[in-house]
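First subunit A sits with subunit B, and in the next complex the same chain sits with subunit C.
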Partner chain A sequence: MNAFRAILGKDLRVELRTLQSVPAMALFSVTTFVIFRYGLDRTTLSGSLAAGVLLATVLFAAILAINRLFVAEHDEGGFDAIRLAPVDGSALLAAKATALVVYLVVLEAIAVPVFGTFFLDDWAGLAPLAGVLVLVDAGLAATGVLVSSIAANSRARDLLVPLLLLPLLVPMLIAAANAAEPMLSAGGPSYAGTGKWLAILALYDVVFLLVGYAVYDFLLED
Partner chain B sequence: MRIPSLRAQAAITVAVLAAGFALVFFYAPNDADQGFIQKIFYLHVPLATCALAGFIVAAIHAIRHLRTGDAVHDARSYVSIHISVIFGVAVLLTGSIWARASWGKWWVWDEPTLVSFLIVFLLYATYYPLRYAIEDRDRQARYASVFAITAGAFVPLNFIAVRAAQSLVHPRVFATAEGGMPPRMWIAFTVCLAGMALLWTCLVRFELAAKSASAKLSRLRRALEGETYVASGSRIAPGIPSRAPSPS
Partner chain C sequence: MAESAAMQREAAPAAESPSPPALAIDGLWREFGDRAVLGDVTLELQSGGSLAVLGPNGSGKTTLLRILATLLRPSGGQVSVLGCRLPREAWRARGRIGYLGHEPLLYRDLTCAENLRFQARLYGLAGDGGKRIGSLLDQVGMSQRANEMVRNLSAGMAQRVAVCRAVLHDPELLLLDEPRSHLDPEAAALVEPLLGTAPGRTRVVVTHDVETGLAEANLVLALGAGGAVAYAGPANGLSAGDARAIYGGRP
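For the complex of A and B:
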C-alpha cells in the first residue's frame, strides 16, 4: 500500500510539475471536436452521433497519455528500481492505472463541458453520462497499463500502443456508446437498456483488471 | 495414446476432409431456404470454430509458458496463433462470400458473428508487430504470452458485446424452428469439423517441425563455420529444443 501511494504520488507530482499529459490531451480533445464539427458538418449533435464523437475523442486522447505512461520508467530506470525494491509489482500496476484514471477524469472534466457547449442543446444527459465515463476510464486504465508496459519495452513504442489498444477497446466502445446514446438523445435523456450496457462495461473492466493482475509480474521480471 | 507421425496425420487429414466434402456434395440435402450456397457453411463454420479454438489453445500454451518458463510452450502458442490467423483470413473470405450470396452484399455490419470475428482477427493481427518489435528473446516470448492470454480473455467478451449490440440475422443453421439440422447435415458437418480440426493440428505440427528443423540447421551451419558459441533457435521461435550440435 505504501509503495502504491509512493508511486502514485510520484506520478501525479511529475504530471503537476511537467504538465506533459493532461494539457496535451485536453488540447487534442478540443481540436478533435472542431475536426468533427467540420468533418461531419454539424453544429449540434445528439443520440448515437454525440455518443460516438465524445467517446472516440476520449479514447484517442487517452492513447496520448497511455503512450507516455511508462516512458519515464523505461528511460530513467524506474523499472529497475521497482524490480530492486522489495515491493509487489502489482503496486506499480495499480498506481499507474490509478494515475491514468486521474488524468482521464481531469480530461473529461474539461472536455465534456466543452463538448456540451459546442454541440449539445440540452445538458441534462451529461450528469448520468458521468457514470458511463467512470466505467470507461476504468476499462481504459486496465487495458492501457497492460499495453503501455508492453510497448514501453519495445522498439516501436508509439506505434504499438494504438495498434494493440484500439482493437482491445472495441467491445468497451460498443457498450459505452450504446449506454450513452439514449442519454444524449434529442428529446432529453432516457435509460433504455442502460443496465445491460453498464453490466457489460463492468464485466469488461473486471475481466481486464483480473487479467492485468494475473500477468503483470511477467511484464516486470527480467 | 500414441500420437501418429506427421506424415500419417497428413494422410488422415486429407482422407477425412475429402470424405467430409464428398458427404457435403453428395449426401447432405440442400438447405430449404438458401439452396446450394448454404454448402459453404460446411467450410466456413469449421474454419471459424477451429480458428477460435486455436486462439484459446494459444492462450492455454501461453499460461503454461509463463508458469514453466519453457520456451517450447511459447513456440506452440505462437504457431497456434499463426495458423489461426491464417484460418481467420479464410473465415472472413468465406463469410463474405456467404453474405454476398445470402444478403446480396459483401459485407454486412449488423451481422454479429462476422463483425466479432473481424475484431478478433484485427486484434490477433497485431500479434506480429508486437513480437517483432521486441528484440530480447526472453522478453519477446514473455510479452507475447501476456498478449495471448489477454487476447484469449478478450475473445468471449467481444462476442458478448457485439452480439448484444445487434439483431440476430446470422443464418442459424443449427437452431431452426423445426429443432435443428437434419441428421444428414449433422453427419456431413461433424466430418468436416473433424477434418478441419485435423488440418489445424497438422499445420501446427508441421510449422513446429519446420521451425525446429531450421533452428537445428542454423546451429549446425554455425558449428561448421567454426563459431564457438551456440545461438538459440530462430528469430521467432526461440529455443525450440533440439539436440545440441555435435562438437566437430
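For the complex of A and C:
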C-alpha cells in the first residue's frame, strides 16, 4: 500500500506541476466537440449519435494521457528505480491505473458540461451517465496501463498505443454506447436495457483488471 | 598473464568463510538477440568484500551489474546474490541492493528531497526516511539544494543525489557503475564515506580508474575479448600494468 500511495502521489504531483496530460486532454475534447458541431451541422444531438460523439471523444482524449503514462518511468529511470525496490508490480499497475482514472474524471468534469452546452437541450441524462463513465474510466485505465507499459520501451510509442489499444476498446465502446444511448434520448432519459450493457461493461473491466494483475510482473521484466 | 589469470581464477574461490558468499556466479552469460555481451563469468565474493570490474567499453560491465541488480535476466549460468538465486528469487534480493548506474534514476520534475522521499516510501522506511534524507543530503553537500528540481541540477549534483538514493535504505550490497563519473575531486571526496570500502560493506564497482579499482578490491574481474577472468586481487599478482593490458594497453 505504501508503494501504491508513493507512486500515485508522485504521478499526481508531477501532473499538477507540469500539466502535461489533463489540459491537453481537455483542449482536445473541446476542439473535437467544435469540429463535430460544425462537421455534423447540428446544434442538438440525442440517442446513439450523442453517446457516440461523447464516448469517442473521451476515448481519443484518453489516448493522449495513456501515451504519456510511462514516459517519466522510461526516460528518467523510474522503471529501474521501482524494480530495484521491494515493490510488487501490481502496485505500479494499480497506481498508474488510478492516476489515469483521476485524469479522466477531471477531463469529464470539463468535457461533459461542454458537450451538454454544445449538443443537449435536456441535461437530465447527464447525471445517470456518470455511472457509465465510471465504468468506461475503469476499462480505459485497465487496458491503457497494460498497453502503455508494453509500448513504453518502443520508439514508436505514439503509434503503438492507439494501434494496440483501439481494437481492445471496441467491445467497451459498443457496450458503453448502448448503455448511454437511452440516457441521452430526445424524450428524456430512460433506462430500458441499460442493465445488460452496464453488466457487460463491468465484466470487461474485471477481465482486464485481472489480466493486468496476472501479467504485469512479466511486462516489467527486461 | 594468461597463466597467471588461470591460477588466480582458481585461487579466487579458495578463501573459506563460514557465511554464504554475497555473490556466487557460475558460468554466467548474457546475449541480446544474437549478440553475446557477457560470456562465462565465474566468481565468488564474500560478504564485506569488494569486487572491481574492469574492461573496455562494450565488454559487458554494465550488463553484469544490471543482472546482479535483478534488472536483467541472465541468458544462462547460475547467479546467486545475497543468498538468493536469480532470477527466481530476485524479489528476495530486492531492497537489499543499492544500485548506482549511468542514469541517476531521479524524476526531473521532483525536487531532490521529493525524489528521496519517494524512494523512502518504496522501501518502507520509517517516517518516510525524513532524518536519513536530511543527513545524506548534508553529507554530500546538497542540503541547500534539497528543494530544487532535479532538472535544474548539473550532472555532478544529480550524481550526488543519486548516491543518496542508492544508499538511502542502507543496502547490504552496493553495485556501482563508475560512481565517480561527473564528480569533481571535492564531490568525490564527499561521497566516498557513503560508497567507499568500509567494514561489512560489500561492493561491486565498475571502473576505468585502474589504480583506484585495484587498490580498493579484494577481487578483480577482467572482462574483454578474451572472456571473463577473475583475479583474487592485486596482492596476488595482478599489477596495474596487467590491468591496463585488459584495455589493450590503453591507460
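By our rule, the second predicted complex is superposed on the first by the 222 of 222 C-alpha atoms of A that agree within 3 Å, B and C clash if a C-alpha of one lies under 4 Å from a C-alpha of the other, contacts with A are read in each partner's own complex, and residues count from 1 in each chain.
Criterion: contacts are C-beta pairs under 8 Å (C-beta built on N, C-alpha and C of every residue); 3 or more make two chains touch, one makes a residue touch a chain.
Worth saying up front: this structure is predicted, and the values here are computed from it rather than measured.
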Can you tell me whether subunit B or subunit C touches more residues on subunit A? B
First (subunit B), second (subunit C), both or neither: which does A:E221 touch? both
I'd like to know which partner A:R5 touches here: subunit B for first, subunit C for second, both or neither. second
One more residue to check, A:G77. First (subunit B), second (subunit C), both or neither? second
Would you check which partner chain A:S154 touches, where first means subunit B only, second means subunit C only, and both and neither mean what they say? first
Should A:F115 be classified as contacting the first partner (subunit B), the second (subunit C), both, or neither? neither
Which superposed partner A:F36 touches (first subunit B, second subunit C, both, neither): neither
So, A:Y103: does it touch subunit B (first), subunit C (second), both, or neither? neither
Subunit A residues touched by both subunit B and subunit C? 221-222
Subunit A touches which residues of subunit B in the complex? 66, 119, 122-123, 126, 129-130, 133-135, 139, 142-143, 145-147, 149-151, 153-154, 157-158, 160-162, 164-165
Give every residue of subunit A touching subunit C within the complex, in rising order. 2-3, 5-7, 9-10, 13-14, 17-18, 72, 76-78, 80-87, 221-222
If you look only at subunit C, which of its residues touch subunit A in the complex? 66, 69-73, 87, 91, 94-95, 97, 99, 101, 103-110, 114, 118-119, 121-124, 165
Can you name the residues of subunit A that touch subunit B in the complex? 143, 146, 150-151, 153-156, 159-160, 163-164, 167-168, 170-172, 174-175, 178, 196-197, 200, 203-204, 207-208, 211, 214-215, 218-219, 221-222
